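Have a look at the structure below, then the notes.
Chain nomenclature is as follows: A, B, C, D and E, assigned in order of appearance, with residue numbering initiated at 1 for each chain independently.
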């Protein structure tokens, strides 16, 4: 039956004792706690820390000013390196400067591709939210989308808005909607209401894997024939992609972002390496659809894709 | 004992006092605490009927009802608790805790889901008991105690889920034994013509009816009003204040468990971070429905109408297709209007003079 | 008038009552409302000193102070308001509104930032006034009125920012005239040795001192306690209840504006969705610091200590490097402990008998 | 009402038997010592009057008897068994009903609900069993009428009644539910002459029905009309403790007033 | 205290001049009509006693005079000018101070803060000006001692005082701040004999200092000791309205009690 499979844990691999390399690295993100996407960034970072014997200090706050204080925290703690998301580059500039002034190397991840160099970060790992949104928009527009619905599950979030803006730039008929991402029932009935209000909606773009599942339910309940596409992956969505219920998922490979951010700092500290050679390292967007899902599906079960 | 005077005291029982007035039927109806909320609900309903064409269908109405029921079921408990003079800020996360406990215990140990559901119920009741017990024993306001529980549960939801499943969402349980029967109870739906009726709506009506009965017609209801209105006086005349209040906390966590079961069996997996923020929706529903924040006054039907107003407004805005950026602003204005109408009706009912 | 008896009534003024007791110094200190919170703060401080090596530096201490000051400044106002018997749920979003108004007006119309700052101040005071006015005139609980304002401001922040800038964050204002001087006032910092001291910490101390003075030593303070403790009685003896309460709402929005200015001039841009949720941090700080949720009791220094406890706990967990998944759980436990210690100290102070 | 008294009185009461015995009772509120070394007996079929200045500790004394506050010192025997009441519920279960000075009513609740609060009439013992609402309303109305009080609407919140009307509800309730001991803390303070008379008659009727009555008042006339035993408290201690036979109205008045009396006062005021 | 009265009394008061005149005053609470057609004059240097059953409307009447509730019908003239008080503050500004039956104290606040609430002594008119706390504590303590009340600690929350002690604080406050009219709603209800005597003396002293006094009581003896004019209310209307010269203590008592009196009662009770 559907319970836990007694698998040997192959995601962890061997790994070193934490701190055996002598380095402490702080990772600071704008995660809203409990999001599967961020959980994968964290997993990647933890795996890298394990592989390289680094002590990892992870902290997060969605509020830019509090994130700035967390960076200050890391500086106070005299860590050896800092990896941070730069979703609100202007707001974080001061704290990043405090870090570089204290001779702590900083790398950017996930967001801030345009500004990371200006802020003084050494390297960058991630995709660009607007670019990701645009490529999603392009792809559905090419498939004939006239009136897509972009679902924002956290009001006022800069990165979510950027994705929708990108989609709209490629598919001009795109309309936004706000839902309460912390309540699946509410997401479902809100989408259901929207689909009933506007029957011309032909695509639903969700910005997180769990929301895509709710969108599928809403679509069924409303009797709509809209197609669902989503950002990010998890095991259930991968399954839906395989089953053809979800057209495709745009994966920016969060696990890689986390892993590389920590590894790059380790290599920089240990060996002076500069990954990307002064250019950002793009981890996405990569499309997961029927063509490649079979390869990817197993990895989603280990929480690494 | 033969000395007992059996004649009434010499002051003859006075007849009806001269300035005693009897209220007409219309006034007696208007004076009921839920009528204000009802009038507000009707106004908002008509408003959306006019301004949102998509709102004018049975399907839409039942979608609204479903949405209201998922808030309304817990709100009934929260309303009772607030009438009893206490808050529960952990009512939102406990729904997620309930689902997670059930889902993870069964997934991890390969148990039947029924066992997990019952374990989860016991656990939730225990949390409610702890809330109530701490509030009563320490004298610390419930706002603080349950804020603590809220944080602890929120953290534990995440931490434990991550430990058990390796990710921050629970595993799909739809293949585990017992799923079908539990889904029947907690999250099935049936069709009446084109309209889908969720079973939560039925449950909601049942819980509201039960709560209304308890409040108006039973001794327990009397005690709830008393412990909320004036706990010292209630204690002085022999009301078991501690028992009543702990019972109320446990009622809230029972209903939280119920909605947790619904969410779990409707969506099969749960995000460990969910549920946060809903505690305020429950409080909003209760207060919009005429419950006094300071306790001692309110009514189960009012709370149900409050939940309905909230559900209707939040979906009505979507049905009307208004700019989503302004969503919250519309919601705020609607809530204020609902409360103002409620107040206006109440004023009318006491100011109007009969005879 | 010559009839006036000038001798005191024949009952001779009694001497000190026989069972009158004088409290010793230690008891008088223990009885002060902020001492419990202080003891809790010290315990938590020592705890983190022991368990988080990174916590043991001047830099860390001042980062904690900075973090506490950004909560603490608004919390002072919220504390006063709560002593005065009301809530303000819009205190969190108004900080963002304040910054957005300043930033967008100046950016859009190319004005000097000083003009924008003053416009923003006027606007915030107006919001505070509207909150207070509606609460007093309609008799609807402030929880509901300010919940409405909260939603409206939250929606308007987003809607207007989208309209004006086309995105959900405001434009960078650091090149507009007046930036340097305003930044000096609201968000400069200076170094003492290796330690960075933010000016908000100084402002915080000033505001707390002012609030403490007002509460303990001025007529206004007396009125604040009275309108919170028993508004009917206060009104009956001639306290201007309406004026006092409206003033308190305006104080909160003034301090919200102040922190909004700090955020704007420290970070140059603002996200329209920020600030949501902070209203509860203010309330938590006030209540942990010994303010009564039902009004009429509390103290400015206690509120400051409450904010400090919150800031210290939330950063201390980070300094200690504990699993962030459990962050909220740790926070919850710490808060409960703080409140329990506070309570224990208070019990000690009243139970101990002298002489 | 007086018939009610007889109906509800415990049939096993024998005149003169001690119902409550306090020995060396003391009570402190934090640093404030409100009572010390109080000895008091409440006998069946007798009225014990407790008199004394404001703040002397009278209310504190009766709060101990009715289970509202536990005592710190001394022993409390009820029906010969030593105990400390954990709650007013326990006292009520011993048939001890009290009218508190600060009344113990819940302002927002209806008059009839207040009347039966804590002792509701239910159709069964099942927690969800309905209350006999019609009966409760009728009884509450009847009992109030017997005291000469007609509230405009038995369904109105008790907070909208006048001070004296609320007092009457509290008294009527205690009389109705008091089976063995009736404790009245300044019951006549807020009452008109007519209502005061009614309360005094009730007190007498309760005594005649065999109940033990504790009656607190500032009015020596009222006290002397019904009292069998008099105790005067002063600053938390006993200043006088005598039977009716040992003390006259004059001595009582002098003791209470410390020499002043109305007649004297009237000279002083020059009327 | 009596010296205080003279100190604080408005020097321009002339005995017999009307301070408050009510004509045809009526008041309804929602559907309940608590007062109708009341005529009443409060003259300088006279005590007007308002008597009546529980619920007759006495408190409602004085709440109109003191600005707590506006009246619905009739006219209210203060110093010859017709007005409706918008708030108790306005009444206080006209020198009208009131002791309310439900006291109007803030339980959580210290005794001295309650004493001066609404009329604080400040070092200046600036809103942040400090209060003269030492003076305020001293005065509050002195004024209470003059009434024979020693609170254990002037800094203790007033909620921890006994009922009578709280009453005394409210009375002392009104006497201290009342410059032209003093309104007392059942001031002696919760008081001991000694304290009642003190309050009656204050009433007389206020009258002698030229203040207009309105005195509500259920005790005809108390009323007759100080009253110059008597009004009996019944079910919201006036049942008797006479000067002292036109009515004797007996008639007053009979009217109030509806025939019952203590002596009669004492026969009935068989003592």
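In this text, a contact is a pair of C-beta atoms (placed from the backbone, for glycine too) under 8 Å apart; a residue touches a chain by one contact, two chains touch by 3 or more.
Every value quoted in this text rests on a predicted model; they were computed, and no experiment measured them.
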Least step count from chain A to chain E, where 1 means the two chains touch: 2
Chain of greatest Cα-centre distance to chain B: E
Shared interface numbering between chain C and chain B [over half = same, under half = different]: same
Between chain B and chain D, centroid-to-centroid distance (C-alpha), Å: 41
Between chain C and chain A, distance of the C-alpha-averaged centres to the nearest whole Å: 36
Between chain C and chain D, centroid-to-centroid distance (C-alpha), Å: 47
Sites on chain C at which at least two other chains make contact: 10-11, 17, 19, 21, 23, 154, 158, 292, 325, 327-328
Residues of chain A whose C-beta touches two or more other chains: 33, 155
Where chain D touches two or more other chains at once, by residue number: 32, 55, 152, 194, 197, 201, 258, 260, 268
Contact footprint of chain A on chain C as seen in their complex: 54, 57, 59-60, 63, 66-67, 70, 154, 157-158, 167-169, 172, 196, 263, 266-269, 271-277, 315, 318-319, 321, 324-325, 327-328
Contacting residues of chain E [partner chain C, same complex]: 1-3, 5-6, 9, 66, 68, 87-89, 91-93, 98, 100, 103-109, 113, 116-120, 122, 127-131, 133, 145-148, 150, 152-153, 173, 194, 197-198, 201-202, 205, 208-210
Chain C residues within the chain B interface of the complex: 138-141, 143-145, 147-156, 158-159, 162, 284, 287-288, 292-294, 323, 325-333, 335-336, 339-340, 343
Contact set on chain E toward chain D in their complex: 29, 32, 52-56, 59, 101-102, 149, 152, 160-165, 167-168, 186, 189-197, 200-201, 204, 218, 220-222, 224-226, 253, 256-258, 260-262, 265-266, 268-269, 271
Chain A residues within the chain C interface of the complex: 33, 55, 57-60, 63-66, 68-70, 72-73, 75-78, 88, 90-91, 93-94, 98, 154-158, 161, 165
